[in-house]
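Naming follows writing order (A, B, C, D and E), and every chain is counted from residue 1.
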Amino acid sequence: MLEIRNLAKSFGGVKATNDVTFDFPDGSLTAVIGPNGAGKSTFFNLITGALKPDAGQVLLDGVDLAGRSPPEIVRHGIGRAFQVASIFRSLTVEETMLAAVSADQRTSAVLHKRFPLPETRDRAEHVMELLGLAGKRKRTAATLSHGDQKLLDIALALVLEPKVLLLDEPTAGMGPEERWRMIDKVRELWETQKITVVFIEHDMDIVFKIAPKIVVLCYGRILATGTPDEIRNNSAVIDAYLGTEHAGAAA
Amino acid sequence: APWVARAQAKTIKIGMPTILSGRVAQLGTSSRNAVMLEVEKVNAAGGLAGRQIEMVIRDSKGQPQEAARVARELVNTDGCELLIDAEASSGAFAVHEVARDLGVFCIHTNSETSALTADPKQHIPNAFRTARQGVHDSIVGGSYAAAIAKAKGLKKWATCSPDYAYGRDTTAEFTLYLKRFAPDVEIISESWPKLFQPDYTEVVTKILQAKPQALYSCLWGGDLTSYIDQANIYAMFGQMEVFAVNMADYTALTVVKNLPKGIHSGNRYIKTFPATPENAAWGDAYKAKYNEYPTNWSWENATAVMLMAEAAKKANAADGKKLAEALAGLTIKCPFGADGTVTMRAEDHTLVGYAIGWGTTIPQEPYVPEVKAGDWKTIFELEAEWKKSKGYT
Amino acid sequence: MSAAVIEVADLDVYYGTSQILFGVGLSVRQGETMALLGRNGAGKSTTMKAIMGLAPPRRGKVSLRGVVISGRKPHAIARAGLGFVPEDRQIFPEHTVEDNLVIGKKRGPDGQDEWPIKRIYEVFPLLEPLRHRIAGRLSGGEQQMLAIARTLMGNPALLLLDEPSEGLAPIIVQRIGELLRQLRSIGSTVLIAEQNMHFCLGLASHATVIDKGQIVYAAGIDDLKANDTIRRRYLAL
Amino acid sequence: MTELEARRAETLVPARGATTVWARYRDVLIALIAFAVLASLPLFTGSKALLDFVIRCSAYGLFATSLNLLVGYTGLTSFGHGMFFGLGAYSFGLIMQKLGVPIPIAFVATLAITGVVAAIIGAICVRLKEIYFAFVTLAFQMLIHSTILSWASFTGGDQGLRGGIPRPVFLGVDLSNHVHLYVASCALLILGLLAMRQIAQSPFGYTLRMIRDNAGRASFLGIDVWRAKLTVFVLAALFASMGGMVMALFVSGAYPEFAYWTISGEGIFINMLGGVSTFLGPMVGTVLLLLLNDTVTRFTEYHGIVLGIVILFFALGLRKGLLDFVAEWFAHRREAGEGR
Amino acid sequence: MDLDALVGCLSSSACLVTQTTSGLIIGMLLFLVAVGLTLIFGVLKVVNFSHGAFYMFGAYFAMTAYQLTGSFALAVLAGAAGTAVLGLIFERVFMSRVYGADVLMQLLVCYAFVLIFDDVVRIIWGPEFKSMGMPAAFQVMPLFIAGGVVPPYYLLLIGVALAAAIVLGIGLSRSRIGKVIRAAAHNPGMVSALGINTGLIYGGVFALGGMLAGLAGALAAPVRSLTPGMGFSVLIESFIVTVIGGMGSILGALIGALLLGLIRSFGSLGFPLFTEGLMYLFMVIVLVSKPTGLFGKEAA
């Protein structure tokens, strides 16, 4: 279980994360929404070590990870994908996956053997298969389409076999079709891999359709939590975030 | 046999690595000019033991590894049988190693570092030096300065010299002899600007703070003129006697716009010292040909060619080995000799007997009207002593 | 019917050796809001960049009110009267809001100045209290408004908007929609590229559909709403 | 890039897999052949100048290729890599002059010294980014250069290590013999290149590529970026130091110029000339630069202008190193061929 | 080391004044060169290795103009204007072709011009060093302030440099053109899409940077010897200055230059043999404690 306790971070005067406490049970799927600048990405950055929290705890199965470096946190089992696909432009899809597995198996500093090590193959293969990247294995990452780059980014997080997967706007910049394909994939992963998934999303159709639980952040604080129906009808959320178009629409 | 005669008639190539680009290109060029001036004379007179000289001159950019590379290439690829090494100090040591390795005859013409010939560890039979030697310079300078110090009561001295081997050694030796002849002299301030440092303001002010009665400097070339320009606006020259050993060189004298009167300097090359018709004629001939005055490096390189020509005459061969044998101990007539001759000393293969002296400047030609010649007898005595103190003998 | 403000004909655009646009042509008339629709990677942004001269076309012609502007440098094209709001907004993050606006200030192609800063603040009342804020610290929606406002400062005859709703909270999308309707009501001419159909269909008067670098459909917005084939085939709706 | 383009790019990437073992042996084989060819050169030509040229290529080639481990593979632009070239030359020269140990011992000791110094300097430098990394390495280089100049009693100051480097015969190898020195240099070059090739193709090599492309992302995969950078910094220093030792043997001395920033500059220049995205690019650059240098200085003392114009040709004309350009050109050709 | 001298100086007002002004002088000339460097880097992200050449050309242009006209004002003008034109040409004809290429490629183009410019000077003015000479107006006795010596020429020099610093600083932060320049530094594409000719800005910035270096060269010409390659040592020091101050920051360049000047003037008292090393050491210390220089911004 991932437990967040009193997490706080401010930039200058801005309290980007303000005393956030929340639990993500094992195997849960949670959406994080909130206005632009509410502190959603910051929240992820604090959990994954990209930023050091000013205060608070990030407990994974009881171990406090707050303030540790990204490599350490990754090794404890929290993987993440980025709002803007963050990949290795000059490596091929296959090389990217193999190198990531190598990193996870602590063989990334091996000097005397040739890349790739045989023991990295299966895992890399498995994840490429899972996300439908196998057919594009020889493509250089930079030449992939926008959507495939996002997929590759998620694949990078997944190939480390994390306990918790954090996805920052996995569908950002995608068309309606790709969007749904991507989110179906995320749900499938969640169902088959039995991992804890937390994702940030601005597309309410998606959020309301697939997330059993939603957290709304606003000005760094938790504004509301609940099921899609609860959130949809929460007047504070409507005022701060949803506006009138989505409010209660699908009820 | 006829084939011998033909071989004899073949031209002889002399390789010359020197610095033709970068900050000291001017000096390298003046070395080349002087060599070519003399080689033309030798060739007109029949060449080196009957063989016409062909100079192969290459740029080393002043980098030792390039100097070594060029020297090797001159011998190995271009077929040069003799080398004139017109490099500055570190390049000279690099070429020296090449000469040691290849056994080729080599005259160092520009390196004034005493150790190059004084240190027996460096000694090889096929290498010589026709440059002035630092320690000679310092002995003459020290004794000249001491005389003035005593006459004018200059007790507090400051030094300001470039921070590299030449600057440090020369300054150390100068003060050594200054104190020897004038024991109550005291060095109260030392400055060590970097070679080619663009700005000397902090050095100038530092010296002004120390309020010395006299200043010694072995800055040279552009560094010296910069220094003078910058010291001038602090009105430094009115406040102390200045001994700048490298001032009396045309490269500096003709360039500096507000040359202060009365700077003491050693001669580098100056047309009027030694005050002989031969020397004046040589300087004029050089000026006529190249439209500028010779430099300190010019006379040193010219002397090398003169010595080679005479040695070849004596050995009746242009072969490096025989040339080296003939050269050791050879005395020749030379416009740059203190008494009209210079000698290649046999024991350490370095030039002695060249004109050396000090005088004071005036802002227009002849710039240094009177030069007080140094005394070679004293030089020899003190040099021997110095060698012993260094463990060279 | 008024004359075309912008006329794009036969554009071929390459990135390096790969061709992205194949003979793209479209035209927008005075007062229209034209939606440029298409899937990811269809070439919407590239079309806009090509019009702006940021991705110079190898073939084809862009004319603004009959004057050929293709082949000019971006700044010359902007001066001819085009205003561009790129998909990622590209505000100047270290400048204040007002500095961003000042940098965008220029007279229109006929020397007119219809958008003094006062009017900007009237149309974007949310920006006025933020005028001295560092733009990089604004929220995404505020940045989007700033980007549009900055471009309006240049008095464009035609506004090119690339995905103004991307990555924004629903309430902000709604607000920007209102704003664009307002602009339309004062007679501005707009070319807008969008993925968000809800948003776009409620806004545009005309639509052009691009797919794999080619224009496949162009008509009035009601036509498109009625044409299921096109919508399903190219817009995945 | 379009799908079409991407599919083309696909065909450029050589198939990997079971071929990795073969790839390794292929590298060794190529190295052996290259060594055989180089080592037998003296049998066919009496030209000492050619051998000299190859020795200098070894020295600069080791240095430049090691710099490419930093610049090309890791994206660390060092302006001070030359300090390790100088350090190698000086340490080796001093050990031989002062201690008179057998050459292999001096060789290993020099590597050890370089490793320690590089680890200390690297630990400070690799935290910095881009231009600041470049300049702080430059600062360290200048510090080392200043130290060499100031510590004249030990290093000989600006006059360099004088009096030649002794070369006691070891196991029949006499490095004062020109041919022996030549063969030894070739052996060092080939071994060094082979080792660097192995580094580049190892899992660590791919870690470096990841860091170059996106260091931040690499750290979210569990890679300790700082450690990896430091490791490659030290490894590259070792090979640069080897180059310095070859140079010291060639000129039989060491000079402050070896530790001056210009050496680093030349290294970068060589890399740009030859190309940074191909392993042998720096080697090609080395040969190009040395050839250029040696021929141009023969004909004019205005080599600055000539060299400058040649550089402009590369920079403005090709916009990349020669080998990179050739590799790309071949790729296009192949692509065109397949298109037909 | 000679710490006594340093301590002795710090306790004497005469020495303090003299050494401080001498530090200011060194620093201010350095600033004029460095600020162009930092400006060009800030806007174009180009590490202009050929910047020293502009300093050199400034000095040579000034010397030639002085010899022809005898007017020092014209000489300075010639140095500044000549290098401005040179900078413009250099940017428009050559540098503009390598934007977007590898940073090292840009470095290479600059390096090529270091070589070419030095040889061009050698061909035009000859390999020997030259001296312009101090204009008669400034051949006067130095002033004495609180016991310290300050030559009037150097007061002029400090004044000019300070004026340049103020004009640049205010101009860039207040005026619209300044804002545009800073914006172009971040995002040239967007700036041009807003109707601003970035080519002109780039050329202008290079011309301005060249002009400032040329101005420094011209002002230094009366007191420094002129030689091909003279730009080099100045360049290295300016790099130290810009890196210490933070690449791209004008205030950083000013502070960095003054600090370096003071390090030199006081360092030469306390550490006469390690003044140079002191500068590098200082740079290392600054970068270790603040990895982007004193006023540098973290690259995004």
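As a convention for this text, a residue touches a chain if its C-beta (ideal position, glycine included) is under 8 Å from a C-beta of that chain, and two chains touch if they have at least 3 such contacts.
Here the structure is a predicted model, which is why all the values come from computation and not from measurement.
**Q** Check every other chain and keep only those touching both subunit B and subunit D; list them.
**A** E
**Q** How short can a chain-to-chain path be from subunit A to subunit B, counted in steps between touching chains?
**A** Minimal hop count between subunit A and subunit B: 2.
**Q** How many Å are there between the centre of subunit A and the centre of subunit E, using C-alpha atoms for each centre?
**A** Centres of subunit A and subunit E (C-alpha means) sit 49 Å apart.
**Q** On a C-alpha centroid basis, what's the spacing between subunit D and subunit E, in Å?
**A** Here the centre of subunit E sits 33 Å away from the centre of subunit D.
**Q** Centre to centre, by mean C-alpha position, how many angstrom separate subunit C and subunit D?
**A** 51
**Q** Could you work out how far the Cα centre of subunit A sits from that of subunit D, in whole Å?
**A** Using C-alpha averages as centres, the distance is 42 Å.
**Q** Going by the contact rule already set, what residues in subunit B reach two or more other chains?
**A** 21, 25, 163
**Q** Pull out every residue in subunit D that's touching 2 or more other chains.
**A** Expected reply: 1, 5, 150, 302, 304.
**Q** Any chance you could list the residues of subunit A touching two or more other chains?
**A** In subunit A, residues 145 touch at least two other chains, as defined above.
**Q** Contact residues on subunit E for subunit D in the complex?
**A** 41, 47, 94, 97-98, 101-105, 107-109, 111-116, 118-120, 122-123, 236, 239-240, 243, 247, 273-274, 276-277, 280-281, 283-284, 287-288, 291-293, 296, 299
**Q** Could you please specify the touching residues of subunit C with respect to subunit A in the complex?
**A** Touching subunit A: residues 39-41, 137-142, 166-175, 195, 197-198, 235-237 of subunit C.
**Q** For subunit A, which residues count as touching subunit D in their complex?
**A** Counting only subunit A, the residues touching subunit D are 48, 50, 69-71, 74-75, 79-80, 82, 86-92, 94-95, 98-100, 102-104, 107-117, 138-140, 142-145, 156-157, 160.
**Q** For the complex, which residues does subunit B have touching subunit D?
**A** These residues of subunit B touch subunit D: 20-21, 25, 58-59, 61, 63-66, 68-70, 72-73, 76-77, 89-90, 93-94, 96-97, 100-101, 113, 115, 121-122, 163-165, 168, 195.
**Q** Can you check the complex and tell me which residues of subunit D touch subunit A?
**A** My answer: residues 1, 3, 5-6, 9-10, 13, 16, 20-21, 23-24, 198-199, 201-207, 209-210, 212-214, 216-225, 227-228, 231.
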